[in-house]
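Shown next, in structure tokens, is the structure this report addresses.
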């Protein structure tokens, strides 16, 4: 479904991604692991069009999307939940969710989807008319995910959904991610919490200083000694 | 101190405040999204006014039509301006964008001088607007009424737009977090263009009101009102529509009251007062009356 | 610190400059001489602007305000007493009877401007970015409004005429050499490095223990001082001053020169001032209507300003660092270039053998 070939991305003069290639098949959940600064967020940003790669190609469902502006990528069916939630703090919860469906025109279905989201995250319904900036970290993450799902994506990019959240909330979020997968949403997950990621995902890639160091199925990687030492505290 | 005098001054203050409010909104909404102070805003106002003037004087069209055309031309001009001068600099330093917007302002002013000469022309509004009403001993003209009424109506429409329509909410989203707005599938270029269009149209109306009030127009007419409206925007909290409106009214009132209450020798200092107010605001409460604090550009 | 060779070269350069000026003064027509003099004044003004804007990152739009203060101070002190009495009968007695040599007038101009800079500096320099710019713009407006209205001291909008007109190439370029020397010393001192670090990242600079306020104030005040001196020279050279001359357009013209020459470079100030003084003169001919190749262009007032403004925008978009960038002329570069050329010639002549 998603194929990245030989991607090179620069931040100014800093070479952030070196010749990165990876793929995600439909229905899978793939994780990208790595330490801070390894380039995980950069990879997602390149996919969603926030960053333009210097060279390389990104294909989604057969179409080339390298360098395509973000709003078009969203219309193609990719949704990105960025690092740090990035919700609209001055808008209400409801407005945030409504904006997720910005490109859609089917008012009735939008409302149905919104209701479904609220069923997944009941606390958001309670806080519907509150300004998003007043939400707790966990609630903001729920909002960010809800917002992204409202565009009916086929591929969901999640950047560190568990960062800074209490374990209970992390469980809830991964629970919801599982439910999203049941609805045929393919997920590409970036996580520092390697254990959680590998338990949930089918496959994973490991990024180190902008290069793919390892890849394989989750079970392989879980049992890999290097990974255990570097990321799993073993 | 005459109570009636005070009331009359209040009416004038509201009137002037309305004009500042409309212009200030243009500054605020553009700044909110792009963190850009469009110093050429006052000159866009001038372009709109001259367009209206052209329609009135040359085509002898009805006043309402002149207003609409002025708004349309100003909006178009604003959009083109953004596309040509500001979009290439969207990710440039603050300094670069400031210099550019100042240069654009000078460019437009001189374009005006070149094409229509610096000579002021007289601007006549339909006689009906000059009719004066007397309520007890307070007097105000239809013009005052019209200015205040139009401003209130436009404010209501604008608030409705940004809270109930998708595009309006998208505008607020862009001002809140530009990257996140992109991820919602919002086309930033379209939103920016619409923002410029709205701001410019409002400025055109304000300009026509000024023209009607003072009876003359010239290519440099937008400069000082533009600066004062900027002060109003900062006063109210730049980036916020409500702030711009509030700032506009407060500044208009303050200017009129200062001039009205102080001895006549101080009247020529009214422009200086406005800037003293600015400096005070920036020192005491830079986020303005309704502002929530500076955010670095994302 | 300059090496002995460089010092010698600089002195030789100054002497050469003096000789050139002497010759020009003898042979050049008045019109062209005025332009040369104007370039000199503009260099002083732009160099002082570069100090605040380019080197320190303080975007001050009030430079014309300091010029105005300097011009009026110098005027009030240097016009003949009889003239003063005629124009300004209401001056306070001590001022009406005061007449000083031109040098003192220049110094007073600089000091007065610096005083104003001190006064508005503390409140205004706390601001950043466009707030600072607009606050300084406000200062400019306030100065103009005040100058236009305290008629007893300034004659308001009618302005003051009869300035001694002592200014000539020697005054201007002499002052210029002194100004450039002072600025050069300041920039190459630890204070200079301090202000540049503030420009690049003021939070980091603060973390390093650099007192932001003091450094900014220094740059601001020194810039104002020389702006005042420049304004005084300018006013004297025009023989007439009025508040209208010190408009926002004036500041912006200086900003244009600064941007095009290169804001972070003193050499840029020289280049920018020279280029941007000559071009408007050339363009001014277009304004009154000229005949090119048989086609008569109608008078187009404002065309020169328009073209310059457009030029600035183009420079900002395509080459924001200006012509010079942050590059400074130095004898070492000069020597290196000469050496390079010599080596190139040697190697190419060897290849031919």
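Should a chain be cited, it is by its letter among A, B and C, assigned in written order, with residues numbered from 1 in that chain.
Simple rule for what comes next: a residue touches a chain if its C-beta (ideal position, glycine included) is under 8 Å from a C-beta of that chain, and two chains touch if they have at least 3 such contacts.
Bear in mind that the values here come from a model prediction, so they are computed numbers and not experimental data.
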Among line, ring, star, complete and other, the chain contact graph is line
At the largest C-alpha centroid distance from chain C we find chain A
Centre-most chain by CA centroid is B
Taking each chain's mean CA coordinate, chain A and chain B are separated, in whole Å, by 42
When centres are defined as mean Cα positions, the distance from chain B to chain C in whole Å is 34
Here the gap between chain A and chain C, centre to centre from mean Cα coordinates and rounded to Å, is 54
Where chain B touches two or more other chains at once, the residues are none
Chain B residues touching chain C in their complex are 37, 85, 88-89, 92-96, 98-100, 102-104, 106-107, 109-114, 117-118, 223, 227, 230-231, 234, 268-269, 271-272, 275-276, 278-279, 282-283, 286
Residue set of chain B touching chain A in the complex reads 166, 169-170, 172-173, 175-177, 179-188, 292
Chain C residues touching chain B in their complex are 57, 59, 61, 123-124, 126-127, 129-131, 133-135, 137-139, 141-142, 145-146, 148-149, 248-249, 252, 255-256, 259, 300-303, 305-306, 309-310, 312-313, 316-317, 320
So, in the complex, the side of chain A touching chain B is made of residues 48-50, 69-71, 74-75, 79-80, 82, 86-91, 95, 98-100, 102-103, 147-148, 151
